[in-house]
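Below you'll find the structures, each written out as structure tokens.
Look at the two complexes coming up: chain A is in both, with chain B in one and chain C in the other.
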Partner chain A sequence: MENHKIGVYVCNCGTNINKVVDCESVASHALDQPGVVCAKSYKYMCSNPGQEMIIKDIKEQGLNRVVISACSPRMHETTFRGALSKAGINPYFLEMANIREQCSWVHTDLRAATDKAMDLTRGAVRRVVHHEALEKRFVDMCPVTLVLGGGITGMSAALELAESGNLVYLVEKTGALGGNLARVDLTAPYLDSARDLIRERILRVKANPNITVFLDSRLDTLDGYVGNFKTMIQTPTGEKVPVDVGSVVVATGYKPFDPTPVKAFGYGTNPDVITSFEFEKMLRSGNIVTSKGKPPRYVTIIHCVGSRSEEFHPYCSRVCCMTALKYGQEVKSALPEAFVYDLYIDMHAFGKGCEDFYKQASTIRTIFLMYQKNTSPQLLPAGPKDDCGMLLRVDDRLCGEEVDIPTDLVVLMVGMEAREDSAEVARLVNISRDRDGWFIESHPKLDPVATTTEGVYIAGCCQSPKDINESVAQARAASARIMAKIAKGRLEVDAVFAEVTQDDCSGCRVCNDLCPYSAIEFDPDARKSSVISAKCKACGACVTACPSAAIKGRHFTDEQIFAQIEGVL
Partner chain B sequence: MAVQADPRLVAELETYGAQDVLKCYHCGNCTAVCPFSKEPFIFPRKSMRYLQMGLREKLKSNLEPWLCYYCGECSEQCPREAEPGETMMSMRRWLTAQYDFTGISNLLYRSWYMELLGIVILAAATGLGFYAYGTAHGSIHVYDGANAFLPSSFIHAFDWTMGSILGTFLLINCLRMWWITMGRDPRVKVTPAMYARRAWLLLLHFFTQKRYSECDRKGPWRHHIVLMLSYVTMLVLIMGFLPLVQAGPKVNWWVHALGYAATAGLLVTVAMALLGRVRKTRTHYKHSHETDWIFLIMLFYVALTGILQHVCHRLGSPYAANVLYLAHLMGVVPMLVLEVPFSKWAHMCYRPLAMYFSHLQIDALEAQGRDVAETLPA
Partner chain C sequence: MAGFEPKIVGFLCNWCSYTGADLAGTSRIKYAANLRVIRTMCSARIDPTFILKALLEGADGVLICGCHPGDCHYVEGNYKAMRRYPLLKRLLDDYGIENERVQLEWVSASEGKRFAEVVDNMTEQIKALGPCKVRTSLAFDMAER
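This part shows the complex of A and B:
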């Protein structure tokens, strides 16, 4: 048996750990454990001097195993593995005992907390003896990308990739590029033409030889793993085109909310109650008219239809407020004599230039009303003396009065909702959806365009409602992530993953469906399962489930886990 | 009960001097900084809202504009530059027009050339009338005694006649103010005993403008009280003691000392106000409605011609004195006829009345066992 020389390092984390746990005692306790040749307590182990101390000890005292009793490994495992590599030993000869999140932060009893920290450290000392030297592995990176969705987001991602010399397959479900933005007249808050934005993108996409556009097509299947996806694209002729790609950008967008179920407005029965998209059509044609064909004297815009409601969607659709302000300006410029009423719950003017846009809307005399969340303004017929088509009864929160406002045309600001096929898309590319049907990102702040499936990225409104700038930013962020991988040429795969001992596998396939990452493939000829290491996230589900104990989790072997348990006890 | 909105009300108030009303987004900073905004009179935000929404009747029965003295803090704090202070000012003008049963007020406020035309016609009529009388009954070269051009007894009688007529108009408008803000609303139950108990407030607020003195800034109140007391002194001297004021050659020093002081007070305060409006030194001087200018210029003109005719008389130039006296009357008559019942001057009644009524409304709420924090019925 190898001669183990273990170094134990107890971090004080400033006072984060030290104020509850007696770190000196933990260190001296560790020194009594078999194989431990050095144990130290230090203020900040993750700091440069802390790491240098470890490196120095490894070199001078010939340490071959290191235990760090500090924060969660999620926080600094990579940091300390780096230190081990620098010192010239395999980075996997490290074990961390979490005495911060699992000890000092959650306990108040100093004595008991210190005892627990000793137990956790002892477990780590026992475990680290069984650590094996693991080597990183590499897989190939196919430089081709599949983009799903031909809206502003999908086209922006495709252009970014194609213009840096990479091949892109752009799959669009409908017969034309442009997406929802192609139905919009002007954009807020600078009143640029949406048509211009879209036309520029479409022309560039069509002109770029690196982009192959599939219209009226959809993704049929996607297999493989990051850098090595094998996909089938179904074309309008029914033909299935096989395409190999290294990455996928999902930019499938959103669907406007259908306000028919919102009874109070009589959408669908009252021809003068229209959705924002129907109003966009009027604006694009330059002809704002009521059902009687006359220009309206009073236009009423109602925010949050289908959004921020208990009955329909609880979330804010984010773009409607500024779009509503834009309508005010467009109506005033087309019909200067018209009055514009704008009914909001809260005015969300959060983006760059939006607060000024809001002020501008007031300056051109949009009249704002504030109605209560989860209530609905009521549409009433106009009286014989009124010079308007209808009255809208609003409980205006700004004056505390129930007010009847005259109106000829009501525009419902319909929110965004996940597309009907979002479940299908999520299943095909193996990503998750939240309760509202939006695709879930890997980390909401630090990894906003990646997903839990490596190599599959999400951008734009399929992730959640957002405006054009944010969608384009996400598209380009996803492209940048992909280009970074392409630039490396090959992908590093974590050394920690599950392995099937082929001789022991009975081919029962229990693990196949269990794997949340679809990382296990079955060879029907050999009747054996095997793990695609590039897809495996080392969750361990298959390891515990295998009835033949044929699957081994690297870095989480039975031996290691039992030793740790014994150490703790 | 739902009330119908009238989007045209804002434009209507704009002819009375309102500006940028629709820029207000109801953050409430104006109301938070106003030292007078107390329940149940929360202003200026709520008045701004009634106006934005076009709730005409609510705005009409609203006393709040009269409770504001336009110190300007609200406008200075407004993040949207919605000028709440100036809006309150325009509402006072609009309310003056609403209280006026003749419709003349509306005409004068909404078009400055109508006001100017009124002044010119009245001035011409006054000048011709007095000139005809003077030349028929005396000589333009005689200031007082027998054969005087404009004998004080005649002017005195004329003053009282005109005062009675104008007073009647003003009284009717005050009664209308009572009806619009108090009487017509059956929910405000004010007993005669309450009216009697609070009546002293009318005199207090008329003479001291106590509330104005409670603004954070004292300067405007000092300015205003000097102007107002000078004016009232002059009014009392003229209406009560015109023969003494105008008489000569014997000088009645106590009458004249008061007269000189009041004239000086008027000339200085009005000149300061005019300069302030030209230079826009204070927030409440930043925006000037046409009627503000006309009022100040008229007042300055009247005070100046009044003292000049007196000086000429004392210096022994009866001809110059009479000409200036005529010129003085040509200013006084249009100023009083137009301003007292129909325009700016009416506020000397409306402000104390509003103070009085607002206390009565609170009394009534409390008597009915209702929380004053509750929104006032309007």
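This part shows the complex of A and C:
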């Protein structure tokens, strides 16, 4: 029996943990547990001095197991595994107890939180004794990338990769590249032409021999794992083209909100109530007219249609405020005599150049009115003496009165929403969606373009509403992540997978069909099953199902989990 | 039972529920401190023996959490957990353990608030049930023999 020497490190996380959990007590409680030879409480375990302390203890005291009670393992497990490796012991000899996200941040009672932190730490101590040294696993990295979506984001990602010499397959669902931006006239806040931005990208994509574009096509299947995905692309002829790639960038974008259900504006029945995208079409053609074919004298722009609303989407769509200000500029330049009313809830002018753009809007005399969130301006017919087509009744919060404003053309600033097929895309590439249908990133701050499926990245508006520069930045970030992997040539992947103890296998084949990745093969001569480790994603379904207990789920063994159960109770 | 603070063991899948529990933390949503979480990669890995083991070791309740049906990181692992669950419930009745002590809930990675509600609800229910007696009754059975 191996002689276990466990070191326990209780992180205070500044005051994040220590404020609610008595870290000193947790450390001294841990010291009483069998096998624990040192237990320390320290301000920041993840800091350099923190890690160096752990490394020093491992070396000097001969520690062979380490427990770190700190933040979520999803945050710093990799960091601390690195520290163990540095100290010369196997990185899998680590176990973390989550006493921040799942303890100090969610509890207020010092006593109860400290008790819980002690229990969780004890569970980790009992578990870590059963940890086994796992060897590194390497897989090849295919330098080819699949990009889903041919909008500004997808094209930017494809170009970045292709111009560094890598092959890219760019799959676009519609018949043309450009995405939603191809329907836009000018862009805020610098009034660059969207057409110029898009045309430059399209020309470069088409001219680049490293990029293969599939139009009117979609991803049919995706199997495999990081560096080694096998995909099928369905082309318009119904043909399925097999493509092997190492990485996937999902840049499927957004869908503009359909304002038909917003009853107050009569969109769909009143031809002079149009969406921002329909207005862009007028701007692009240089022909701003009402349904009667005349230039409008009064143009009203209504913000937050479908956004920041209890009834439709609770979130802010981010780009509409600046687009609305842009419309003011464009209307005034095309029709200098026209009046522009801008009806907003709050003006969100964040970002570079945007506050100046807002200021500029008042110099061209856009008339601003502020309406209440979760209320709606009402559209009324104009009276016989009015010089306008319609009236809009607004409860204006700036003057505190209900006012009727004249209008000939109403532009609804429709927000962004997740595409109808986002659930299908998420399933195909195995990523998650949030309650609004946007794809979820690996970490909102530290890992914004990666996902929980290694090798699959998200960029642009499929993750949440964002403007062009942010989308392009994400596209290039995803490309950089992929190029870093390609540069390495070989990838180190988690050493956690299932394995069949051949002597114990009865050859019943129960596990064969259970595996979602077809990672279990059956040898008909020996009548035994075995796991193809590179294909295994370590879910453990087969481990639990095996009637002979012949399958071991590395790093999640029965012994380890049983010991943890005993420990936490 | 006044002052009874149950201990509940939670088995959470790594991708949805554990992440959802972390989100409750980063969002600073407060909930009862009675849950002790054990992470597995997928709810399909949660062996019925883990649950029985927890109850025998003194847990007053066991919470199983996985991704919502149709949203499993491992395609359909949660369906495997879902199919095992009613069988285990029946087994608990046979053992004389109130089957409400074991609960299965789906919590996605974005449902920090829901996770907190699940824990609070379950804690209340287990408080109402009182301590799980299986450990003591089992010890008594053993002594009888």
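Everything below uses one rule, namely that the second predicted complex is superposed on the first by the 367 of 569 C-alpha atoms of A that agree within 3 Å, B and C clash if a C-alpha of one lies under 4 Å from a C-alpha of the other, contacts with A are read in each partner's own complex, and residues count from 1 in each chain.
Everything that follows uses one rule, which is that a residue touches a chain if its C-beta (ideal position, glycine included) is under 8 Å from a C-beta of that chain, and two chains touch if they have at least 3 such contacts.
Because the structure is a prediction, the values reported are computed rather than measured.
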Q) Touching A:323 in the superposition: chain B (first), chain C (second), both, neither? A) neither
Q: Identify the partner contact of A:339: answer first if only chain B is touched, second if only chain C is, both if each is, neither if none is.
A: first
Q: Mind working out whether A:365 is in touch with chain B, chain C, both or neither, as first, second, both or neither?
A: first
Q. In the superposed arrangement, does A:434 touch chain B (first), chain C (second), both or neither?
A. second
Q) Taking the superposition as given, does A:471 touch the first partner, chain B, the second, chain C, both, or neither? A) neither
Q) Quick one: chain B or chain C, who's touching more of chain A? A) C
**Q.** Partner chain(s) touched by A:538 [first = chain B, second = chain C, both, neither]
**A.** second
(Q) Touch test for A:407: chain B only (first), chain C only (second), both, or neither? (A) neither
Q.
Looking at the complex, which residues from chain A come into contact with chain B?
A. 298, 339, 341, 347, 358-359, 362-363, 365-370, 391, 393, 396, 398-406
Q. For chain A, which residues count as touching chain C in their complex?
A. 72-74, 98, 100-103, 105-109, 112-113, 115-116, 119-120, 123, 427, 430, 432-435, 440, 452-453, 496, 514, 516, 537-541, 543-545, 553, 556, 558, 561-562, 564-566, 568-569
Q: Can you check the complex and tell me which residues of chain B touch chain A?
A: 1-5, 7, 10, 20, 22-26, 46, 49-50, 52-53, 55, 58, 80, 375
Q. What residues on chain C touch chain A, complex-wise?
A. 5, 7, 9, 15-16, 18-19, 21-22, 24-26, 28-31, 33, 36-42, 44-47, 49-50, 53-54, 57-59, 67, 70-71, 73-77, 80, 108-111, 116
